[in-house]
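The same chain A turns up in both complexes below, where it pairs with chain B and then with chain C.
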Partner chain A sequence: MIAAAADSFEVEKAKLCRKIAELQAALNAKDQKLRELQTRADNYGAEDEVQFAPRDKHEALSNDDIARYSRQLILTDFGVSGQLKLKNSAVLIVGMGGLGCPAAQYLASAGCGNLGLVDYDQVERSNLHRQTLHTVSRCGMSKAESARIALLELNPHCRIICHSHLLNSFNAMHIIRAYDVVLDCSDNVATRYLLNDACSMLQRPLVSGSALKLDGQLTVYCYGEHGPCYRCIYPVPPPPEAVTNCGDGGVLGAVTGTIGAMQALEAIKVIVGFGDVLAGRMLIFDGNSCQFRNIKIRGKRPNCHLCSAQPLITGLIDYELFCGMNANDKDNALQLLGPEQRIKVLDYHNLVAQTVPHLLLDVRAPAEFEICQLPDATNVPLAQILDDSYIQRFAEQLKNKQYPIFVVCRRGNDSQIAVQHMKARFPDHSIRDLEDGLHGWTKLVDQNFPIY
Partner chain B sequence: MMSNQNKPDLKIILEFSAGAELLFGNIKRREISLDGTQKWTIANLLKWMHVNILTERPELFIQGDTVRPGILVLINDTDWELLGELEYELQPNDNVLFISTLHGG
Partner chain C sequence: MNMEGSSLLVNINVLFFAKSRELAKTSRAEFTVESVIKAGNLLNQLIDSFNLNTISNNLIIAHNENYIENLDTEIHLHKGDEIAVIPPISGG
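== the complex of A and B ==
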């Protein structure tokens, strides 16, 4: 009896904690909205004034500077002149995520005088494993604002300007002009082309990092006379289906941390002017085997549409159109199937309640299936659908055309691909996918079903 | 595989990184032997790879007769564009590395 009571206390406690966290996030989001509205009403356009206010030009280090930066001041390559250059510099970090957080952390603590932080997004719990400046209590707050709070605690001497909106073709030149160096810590192809084009036109070095799963890549574009731009290396954007984001592919925080920290290092080298900057070379990091590989990439492309002597692109363009992808890493809902080939999660729930015999195929990867699954589900990764090996495995169920087969995945995209493939083979069978997948299930059927 | 007795096989190393390996049976490094009696350019090598080791979604690797945009090709750690791209003639023990570009952060 006592044990049961203790158990129920634990459950109640967990519920309350979760509720409080949710309310906190909602409160932060509303606070953020209010702050934004207030700023806009009080001094419309003030951000730009702040941004373009002449930077203080420091001629000497204070005693506080000397004590704070002593360990790097004694480096021969860095020294007092390096510290002063850093103090007088302005760095723009685009994306306050897995790369931007460590990059900003090292730049602020090293004494970079002016940091601009760009991010339109808000802090979510699923960010915290790699976006190390944000905290549980700041969920719902703008990422730029949240990072600013953390950075000022590290180094109150750093001037930090938040740009809590999406960087686009209309504001990019205006914002970037005020900075000496730009860090590409973004998470999508369209923003990468946008940053490249703006940086090339304004002649700002672009320290570009990226990461996915256990891999990372790093290089510096638009640097020096012969340094290539992003378009020299990638004149044509990749097909959208070849692009995986961190939400779908996964990523380890220590990997984004590794690359982000090195972005800070390259930025410091560019500003201070020592060492060999990673331009015309690319660093490839394989976290699985812990191998770094430094490869030689081409220099400027003589016929580059952007940075050659005869450019075809002389102003910013529509990058979402150019890439055929949105300027964020959120997922777009696919529309492959007609309504008759799909079932709403609530209708499926009713079928289960009536104990209608059926087959439920969960086409996610085994690692995802392990996180959570519906009681009746059988794990058949999408690859086994697409290579038709599922046919043999479910030969019995496939004999009867009327036997209902349902397909589920995380959000209802892969399940459509699976149904489309299966329907091509078995056009008259009853094969449908669960609309909105497991996310829909949590939303409409069972709020206690975990979301990832 | 033994071929012509006068000319041994052309042995090279293929490597895949940052997800490109997923299209090739998830194997990151392969030592392969090509028929040493003929000349092997990268163009021929891509055809050979398509036929022999490309297991998943070929359109995510090959477009027309070259690699799709967003895949870097390195020969002995140097961008193939500096070495003649498709026309580069493979030498014994060459290392050819295919890297998918990452965009996440």
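== the complex of A and C ==
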């Protein structure tokens, strides 16, 4: 009895905690909206003014600077002149995520005088394992604002300008022009081409970092006379189906942290002018074997559409169209199946309640299946559907065309791909997917089913 | 396999990164190939043998950590040489 009561207290407590966290996030989001409206109403176009206000030109270090930066001031290659260059510099960081957070942290704490932070998105709980400047209490707040709060606590002498909107072909040149160096900490292909083109046209060095799973890449584009641009190396974007985002592929925070910290290092070297900048070379980090490889890449491509002597691209283009992908890392809902090939999660729930015999195939990867699964589900990763090895495994169930087969995944995209593939082989079988997948299940059937 | 003249076969190591590792289902493989070969021919053989079709236009190929700039050049491979296959990563 006592144990049961204690259990129900725990459940109640957990519920309340979750509710409070949700309300806090909603409150932060509203606060954010209010701040934006207020700024817009009070001084329309203030961002431009702040941005283009003449930067203070510092000729000497203050006593506070000397105390604060003493450990790097005594570096021979860096010294007082390096510190002053950093203090007078302006760096734009695009993306305040897994790469942007550590990069911004090292640049602000090293004494970079002016930092611009670009991110249109808000802080979510699933960001916190790698986006080290954000906190639980700032969920729902704009990422740029949240990072600004953290950075000013680290170094109040840093001037930080937030650009809390999506960088696009209309605003990119205007924003980037005000900065000396740009860090590509973005999470999508379209933004990478946009940044490359704008930086090449404006002759701004672009410190490009990227990470996924346990892999990282780092190089500096548009640097010096012979340094290549992104298009010299990758003239055409990859097909959308070959691009994996962090939400689907996963990523470890220590990997983004490694690359982001090195982006700050390269930016400091570019600004101060010491060492060998990582241009014309690409650093490949394999976190799994902890190996760094330095690949010598090409110089400028003589027929590059952008940075050669006869460019074909002389102004920014529509990058979402060029890449066939949105300028974010969110998944789009696929529409591959007609309504007769899909079942709503509530209807499936009813079938289960009536104990209708059926087969439920969960097509997620085993690691995801391990996180959470529906009681009747059998794990058959999508690859086993697409290579038809499922046929032998479920030969018994497939004998009967009427036997209901359902397919589920996280959001209801891969399940559609699976049903489409199975239907091509078994057109008259009863094979349907669960609309909105497990996310739909949590939303409409069981609020305690975990979401990831 | 297309034998170019009388060139010998050698065993090289192919390293796969990021998406190519997923498609090839391995991070490293031994590969037997003509010791003197056009870079483009080597690339095509790798694409066919390791299921890299979807990213065939988006690869850096490096021979002993040096980018292969021109697919028309002839490269000379020695036993144990390293060919790295590097597609772009866009996450962050």
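Heads up, the rule we're going with is that the second predicted complex is superposed on the first by the 452 of 452 C-alpha atoms of A that agree within 3 Å, B and C clash if a C-alpha of one lies under 4 Å from a C-alpha of the other, contacts with A are read in each partner's own complex, and residues count from 1 in each chain.
The definition used in the following text is that contacts are C-beta pairs under 8 Å (C-beta built on N, C-alpha and C of every residue); 3 or more make two chains touch, one makes a residue touch a chain.
Everything quoted here is computed from the prediction, not taken from an experiment.
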Scan A:Arg71 for contacts with chain B and chain C and give back first, second, both or neither.
neither
Of the two partner chains, chain B (first) and chain C (second), which one does A:Glu241 touch, if any: first, second, both, or neither?
both
Between chain B and chain C, whom does A:Lys57 touch in the aligned arrangement: first, second, both, or neither?
neither
Quick check for you: in the superposed arrangement, does A:Asn188 touch first (chain B), second (chain C), both or neither?
both
Touching chain B and also chain C: which chain A residues?
95, 97-100, 185-189, 192, 209-213, 215-217, 233-234, 236-239, 241-246, 249, 251, 256, 282, 284, 286, 293-298, 329
Considering only the defined contacts, which chain B positions touch chain A in the complex?
17-19, 56, 59-60, 68-70, 72, 74, 77-79, 81-82, 97, 99-105
Show which residues of chain A lie in contact with chain C when the two form their complex.
95, 97-100, 184-189, 192, 209-213, 215-217, 233-234, 236-239, 241-246, 249, 251, 256, 282, 284, 286, 288-289, 293-298, 329
Which of the residues in chain A end up touching chain B in this complex?
95, 97-100, 185-189, 192, 209-213, 215-217, 233-239, 241-246, 249, 251, 256, 282, 284, 286, 293-298, 329, 383
In the complex, chain C residues that touch chain A:
17-19, 22, 27, 54-55, 57-58, 60, 62, 65-67, 69, 84, 86-92
